[in-house]
Amino acid sequence: MYSVTVRGHMMIAHSFRGEVFGPARRLHGATYVVDVEFRRADLDADGIVVDIGRATTSVHAILEALNYRNLDDEATFTDRNTTEFLARHVFDRLVAAIRSGELGDNGRAIEGIKVTLHESHIASGAYDGRVIDAIAPA
Amino acid sequence: MYSVTVRGHMMIAHSFRGEVFGPARRLHGATYVVDVEFRRADLDADGIVVDIGRATTSVHAILEALNYRNLDDEATFTDRNTTEFLARHVFDRLVAAIRSGELGDNGRAIEGIKVTLHESHIASGAYDGRVIDAIAPA
Amino acid sequence: MYSVTVRGHMMIAHSFRGEVFGPARRLHGATYVVDVEFRRADLDADGIVVDIGRATTSVHAILEALNYRNLDDEATFTDRNTTEFLARHVFDRLVAAIRSGELGDNGRAIEGIKVTLHESHIASGAYDGRVIDAIAPA
Amino acid sequence: MYSVTVRGHMMIAHSFRGEVFGPARRLHGATYVVDVEFRRADLDADGIVVDIGRATTSVHAILEALNYRNLDDEATFTDRNTTEFLARHVFDRLVAAIRSGELGDNGRAIEGIKVTLHESHIASGAYDGRVIDAIAPA
Amino acid sequence: MYSVTVRGHMMIAHSFRGEVFGPARRLHGATYVVDVEFRRADLDADGIVVDIGRATTSVHAILEALNYRNLDDEATFTDRNTTEFLARHVFDRLVAAIRSGELGDNGRAIEGIKVTLHESHIASGAYDGRVIDAIAPA
Amino acid sequence: MYSVTVRGHMMIAHSFRGEVFGPARRLHGATYVVDVEFRRADLDADGIVVDIGRATTSVHAILEALNYRNLDDEATFTDRNTTEFLARHVFDRLVAAIRSGELGDNGRAIEGIKVTLHESHIASGAYDGRVIDAIAPA
């Protein structure tokens, strides 16, 4: 399996609901340094997994839509904006980008994507899925 | 597959037995920076893989039991304390913690764990296993 | 010059005021990974710059007072909570901790402190000052 | 699954052919920081995945053959030297090393290898394969 | 002293002249991950060292002029393109940018700049200077 | 001021004496990832701070003499082997190497050296001194 990984980041505010979150129920924030790994079994005719320029543009566009925002005010994330959920959100948006051709015709051959959100030097969350299994994101 | 990763560390002395270890047969030591990845297919009702507070507490407790020690003096590790073996030890302890409920009721849904021990900027060892396959640790 | 550096972190929400800040004027957040370097010309009788346990406790206490908070709601930071300002705040708190004896009698010999706040993998801010020059923090 | 990872690096010049590469069609260069992960289900009698000394020697020898070179001048890489292709090249060379006994008799039990080439702080490419599936490298 | 540091990178080919460089006399390449630290004694009215947006734009523009190039073909660097020399080049360009007002009126108050070029995980070169002492770059 | 930094590491066992060290009074160990920064005001005729090959060889030789050892058994370090003290030891050895000509004739122009020992992802110790001020090491 071949893979290519690109990095971006976003800086957001949010709060969590539920006893399990303790002090994180207060409005706080995070820098998420985001690694996106694109995987496929074989390389395309150019010898690459994906046009890294297009892939980077897509990843940055998805993060930019959330950057410098309070996720508590965004309908998509109200009551559900854990690191894990945000990783899945980025995955779903990338699947949609692949299906729309945003990553190029060869980008449609991407089989798997892992999205990792590093929230500090000691903690991260991730979602790793197959593109073909993904249900159409809302 | 969703995952959450937390980091801890320990500083231990040890020595190895066997020609293959060369100068590492002398008593020496290591800082192990330890990354533990918890995985499961679906999130719980709170939208998380595991209560990260409990997970961190469990990881730190396991490392603390070894921290600032000479593993050559610990019965569990005599003659077998390679990085790989230590990674498996942490995995086994975490499986036991999950089964005892230490990671919460929802923690029992964790399917896989990867334990990586970074011993320097250029070398690491790891054990990655499924919780359900794990035999009861001694 | 000898030095010892310890690391901690905090996750906060905030917003900035002023045209120069562009989209960062919106309520957003950051994880600050914080490195604190303590410096002095000579070591104490134990061969150390400072009791690293006490130093870590002080750094963590200062960060904990800000952690999981919206700095826009904290009187100390209203209208002035840039990364640079926060670095100075941590410096001032540490100077106060040294003067109060919180870092031990030998801690009073610390001559300089550098506080670096990493806000992402590509940006950081810092304050570096001499303890003796510091005015009494408010 | 157990694993051990070792790191090396190489500094090469190259250029790419194809519209998709944009400005990277010009002769330029890269430092590749290379992580090689060796995997197997069980440890050998010494409690290790592989003799890390031999593994490091093999990885460094493979990288040294490319280090400080212009890959456009190397027959193996003419017209095909993307990061992904280079990762596969290192994988193939390591499979050959295992089969020749260069990693020791126990090294023959290695089941999988992942080769990751970090080309900057924000991009990497990798090849991950099973040793048994690998066709004999040219 | 306050400081702000931003990161960029460039991927270049080059070769060195002189016995001391050994195999690096062959045409090869490097990824330089570049950290630029801007320093000044006091913050401006906005509570910042420099407009980080403008500073990042300037750093990226300087690196972009070298990115994806063979420095042996650039008149500025013929026979003198060591890591140390490149660090000084970036410093000189930044001094010129400050003097031209590219970093804003407040940017003129920057007193010192350190430019660090990381060429691998184990080596870097840097130039650290005072802006006021810098001679007008050619 | 120009600088070049090279990295090495060592894995040692040791214990500390004194109430302040708490559990670190037990025999334990550490991986020290060691960064050595060489500084000088002007470059030599080859455009470099120091022959990086010679500098790396010297740093590695100094670390190798301690690697895979129990420092409690080494006369030099009995009762005094804190991270800070070890950083000074490496500095002193490098000053001796410079004076003996081990870093080349041009190496004698090195003015300052900073030795940083990273003992984990959250702690380090360092010694930074001027070569000319250094007393002859024992």
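All chains are identified by letter, namely A, B, C, D, E and F, in their written order; residue positions are counted from 1 within each chain.
Simple rule for what comes next: contacts are C-beta pairs under 8 Å (C-beta built on N, C-alpha and C of every residue); 3 or more make two chains touch, one makes a residue touch a chain.
All values derive from a computational prediction rather than experimental measurement.
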Those chains which touch subunit F and also touch subunit A: B, C
Superposition rotation for subunit C onto subunit D, Cα-based, multiple of 5°: 180
A-B, B-F or D-E - pair sharing over half of the A-D contact pairs: A-B
Interface residue overlap between copies subunit C and subunit F, same or different (over half shared): different
Computed distance of Cα centres, subunit F from subunit E, in Å: 27
Distance from subunit C to subunit A - Cα centre to Cα centre, in angstrom: 31
Subunit F, residues touching no fewer than two other chains: 7, 121-122
Residues of subunit E that touch subunit F when the two form their complex: 18, 20-22, 80, 82-85, 87-88, 121-129
Sites on subunit A touched by subunit D in the complex: 1-8, 43, 46-49, 51-53, 56, 104
Subunit D partner contacts - residues on subunit E that touch it in the complex: 7, 9, 11-14, 23-24, 26-33, 67-70, 119-122
